[in-house]
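Multiple structures follow.
Consider the two complexes below, in which chain A is the common component and chain B and chain C are the respective partners.
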Partner chain A sequence: MNIFLLNDIIVFIFIEVILVILMLISEYSVIKILKNWNFSITTSLQYSLEKRNYLVNTIINFTIICKIILFFFFIKSLSELSNVVPGAMCIAGVIGANDYGEVLLLLKIFIVFMLGIWLIVNRLDIKSKKFIYIKPKYFFFNFILFLILFEIFFEVLYFVNVPLKVPVFCCSTLFKADTLPFGLTQSNLAITFYIIFSFTLIFSYLKKIVLSFLINILFLFISYFSVTYFFSIYIYILPNHQCPFCILQKEYFYVGYFIWISLFLGVFFGISSYIIESLINKKITNLFKYSILFNTIFVLICTYFVVIYYIKNGVFL
Partner chain B sequence: MRRVLPYIFLIIISLFLYNYSKDTREDIKVEHNYMQDAPYRVVLETYKNRYICNDCDMMIKRYLNSAQVIYNHNVYFFDDVGCMIRWLDRQNFKNKAKMYVYSTDTGAYIDAKLAWYIRDANTPLGYGFGAYETSIGAITSAMTRSTIEEQIGNFKIKRETKQIYEFEEIKQFALRGETLLNPMIKRELLKKR
Partner chain C sequence: MTKITNLYKIYNENKQNEFTALNNINLEIQEAQTIIIRGKSGSGKSTLLSIIAGLCKPTSGDIIIENENIAKLPDINISNFRNEKIGFIFQSFNLISGLNTFENVMAPLVLKKIDKNQLEKQVTQALKIANIEHKKEQKVENLSGGEKQRCAIARALVMNPSIILADEPTANLDKSNSLIFIEMLKKFKELKKTVIVATHDSLFDNLEFVDRYIDIKDAKIE
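== the complex of A and B ==
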């Protein structure tokens, strides 16, 4: 059984299972609430449901915060796993080691975004005092739970199928591209990145909900490409090494965590307004300032390495 | 409409991107419908295609010592001569297929049965079979395994003593596991003379 490769993975799977069990327990109450909730009547059932609602909220809040922290633990344990898998030097090799890795990582990022949105909706719901968003909130929770069950299924499949004998490709091969997609060159890519960033700033400042949603998702993709193919070479100070994951390692002072966390937070606050609006039909615009803040931090960190390199050496790579 | 339209827009865009990435990048293990009676022209180092070895599932990163098998208008690719021999031995058409190896001295795909081989070349999977079109090329080939040099110390082989092999011999060695991957054989082949 390859699943018991490292202590980290045992701990990770164990906590995941506990959290899923907690969520399944609260799901029982959630279904009851969805079925019988009526805030305007004064029956004993309704009172017990309201009490139960607080309990469920607490449980789900706890599990969600745990899961968000666990996401970073997952990244760290993959980093550790790269010492075990032959040929893997960073997460890129470990993730690409079998067919489930990439799906799992994308699913995890998507779930973390959804969980964050659930937390915001929950806060609005509790603040409203009459629980006006309780039904969309719990329907949304059901959707997330469905995804999480898929996720744990994929996790087990992924860790069982990690190869230990066959060497895997790692970043030097995976991200080796002679031409970037859509015929972009590195300088074009950087210019596109800064243009889209300025658009995110403008739309966030003007509080355009739909436009901000679309441009932030575009910004997420462009940032991924820019960090991988343009900014990473300045972080490694190697013109041939292009990898979005090696920056998470100790040799680069864990700067990757700051880069990716600030990007995800910026994009999250940029898109959450629209998703919340489409869920509960309420316009929230106070999240855009966080989007501006985190996106700017992300761009500043990335730009820092390029500028420092240019100041030290007088040329670009 | 405002609640759904952006999502639909996103789905359309992602479908387009998925289609684009499928069109532009391809992992090739087998090339079908190849009608010519000559080695297939492999072009490495393009963004579009990656050739994958049929035996070890690794990407073919360089031409040297790569190989191909052509049978029934299908071309199968390999990154190492050892891979080709081991894979072909498991197939039921092993005696009917046409084999080509990339020769080190002339830089072209040549018939595997006409090539000369050495057993101590630096090959991707470490089987050590280096193919040469001319016997003199094989005899004068230098050892290239720097890590092994470090282990055993510097050595020089007299040109006359270097043993070269034919395909059938190499095949026997590969199937018996007597390659550079075997520590005893490795020591025997690379020891200081």
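== the complex of A and C ==
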């Protein structure tokens, strides 16, 4: 069996290639704009660049939104692949099937974050009337495009190297308690999680751009371990089942999607103010309220399973 | 004031079928002036009005209206600018069929979040100025040519714009309705509106209240 003949993979790669082609077409205009843009003049070339800018914006906006949706389709495709890859019970087995999987997943998450930042910068640029952020916006697009080309390269490497005959290891062997960060125990990890969450709320409320950036990065890191090693066992109701991916499956009512999406959105809005300020030197503080909202939703979902378990059983796992 | 400098509009630039619609237009229009732009079909009158209204972009040059170069405004801003500052009367009226006169005139106000009483007041006032209030409940497809014209005028006036543009406003009207429209132009002048009419209708020749006639020939001002 060839992995490239699976429906999900065909659809995924086909859409990915179309989006990259659209981005490369836009890149031709982006280079022209970066080279010749001068908003203060009213020459024929400048007006044609302004028109081209609208076209490019529309294409890039479309491709970015598709790329973000495609990320979730990628996760779904990996979930489907777990039925094909021997030994894989969920995405953990498929992702860990070769050396490229985890790098690819992290790269994809990073790209989705960057695409989100680009959308915000683009919005600010259009609202500015005089397109004052057009150059940093398109330089940033070039950086993202470079990452996307790199991502394609990794995707090919990853899919080519997924073994379909040799069994892979899955959650039970991939994730062990001794990999907890800073030598934390499960209960200490949960306490750290709630303390860091409190700080994200405080810094977001106080609109501290740098501190919020740092604490949200730390929160993302701690949350990954907390969900995997603490909260997930209350979702699975199995003390040894520590997997960040099985919660994405139907058996657990796809709750993993709500958990990870709310975490990513919360962290995204928490860190984006700092990145935007670094990129275009503009202070944006109205995104912190979304960070507070999504981080709180994330924590509430996670906490819900622990509380329900305790109410039902009178003990913690 | 409206100031147009070194304005060019070239369709299909650098292609075999390249066509210059406006060639180095320079123009200054003071506030509350009534201007008639005359010229044969294809001379560039409508293109000039469309560019002033921000409906299309020039190939090069400046169009400064109330200190804003509208050719440089992003699409979203140009739409707001047009909505607030410019009333456009089209040759074929461009009314929304299926809606009645009142609803058509109300259309530009929908984008503005104003309360119902204010909205009704503004629409009624515009209908009164255009002398079409008595037909406010009537579907626009059932109006006569002259009535459609007056409905279009009311719609152009409803936002209380400082500039009114009319592109061949009498092309679809008989003589008596055309004369009614010319009378309406006097009213606009009393209301201190800047009015720019593009026409090739000889009824507009030698009108005493017109401040200036501009003749366009082969994409240039003569």
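Descriptive notes on the structure:
Rule of thumb we're sticking to: the second predicted complex is superposed on the first by the 310 of 317 C-alpha atoms of A that agree within 3 Å, B and C clash if a C-alpha of one lies under 4 Å from a C-alpha of the other, contacts with A are read in each partner's own complex, and residues count from 1 in each chain.
Here, a contact is a pair of C-beta atoms (placed from the backbone, for glycine too) under 8 Å apart; a residue touches a chain by one contact, two chains touch by 3 or more.
Please read all numbers here as calculations on a predicted model, not as lab measurements.
Room for both chain B and chain C is found when the two structures are superposed via chain A, with no clash between them. By the touch criterion defined above, A:169 lies against chain B but remains apart from chain C after alignment on the C-alpha atoms of chain A.
Contact with chain B, but none with chain C, is seen for A:181 once the two complexes are overlaid on the shared chain. Once the two complexes are laid over each other on the shared chain, residue contacts for A:213 go to chain B alone; chain C is not touched. Our angle of interest has its tip at the CA centre of chain A and reaches the CA centres of chain B and chain C; in the overlay it is 160°, to the nearest 10. Of the two partner chains, chain C is the only one touched by A:54; chain B is not.
In the superposition on chain A, A:39 makes contact with chain C only, not with chain B. When the shared chain is aligned, chain B comes close enough to touch A:274, but chain C does not.
By the touch criterion stated above, A:158 is placed in contact with neither chain B nor chain C. Superposed on chain A, the gap between chain B and chain C at their nearest CA atoms measures out to 30 angstrom in whole units.
Interface residues of chain B, counted against chain A in their complex, comprise 2-7, 9-10, 20-21, 24, 45-47, 56-59, 61.
In the complex of the two chains, the chain A residues touching chain B come out as 166-167, 169, 173, 177-179, 181, 210, 213-214, 217, 274, 277-278, 281. Touching chain A in their complex are the following residues of chain C: 6, 8, 10, 13, 57-62, 69, 71-77.
Residues 39, 42-44, 46-48, 50-51, 54, 126, 129-131 of chain A touch chain C in their complex.
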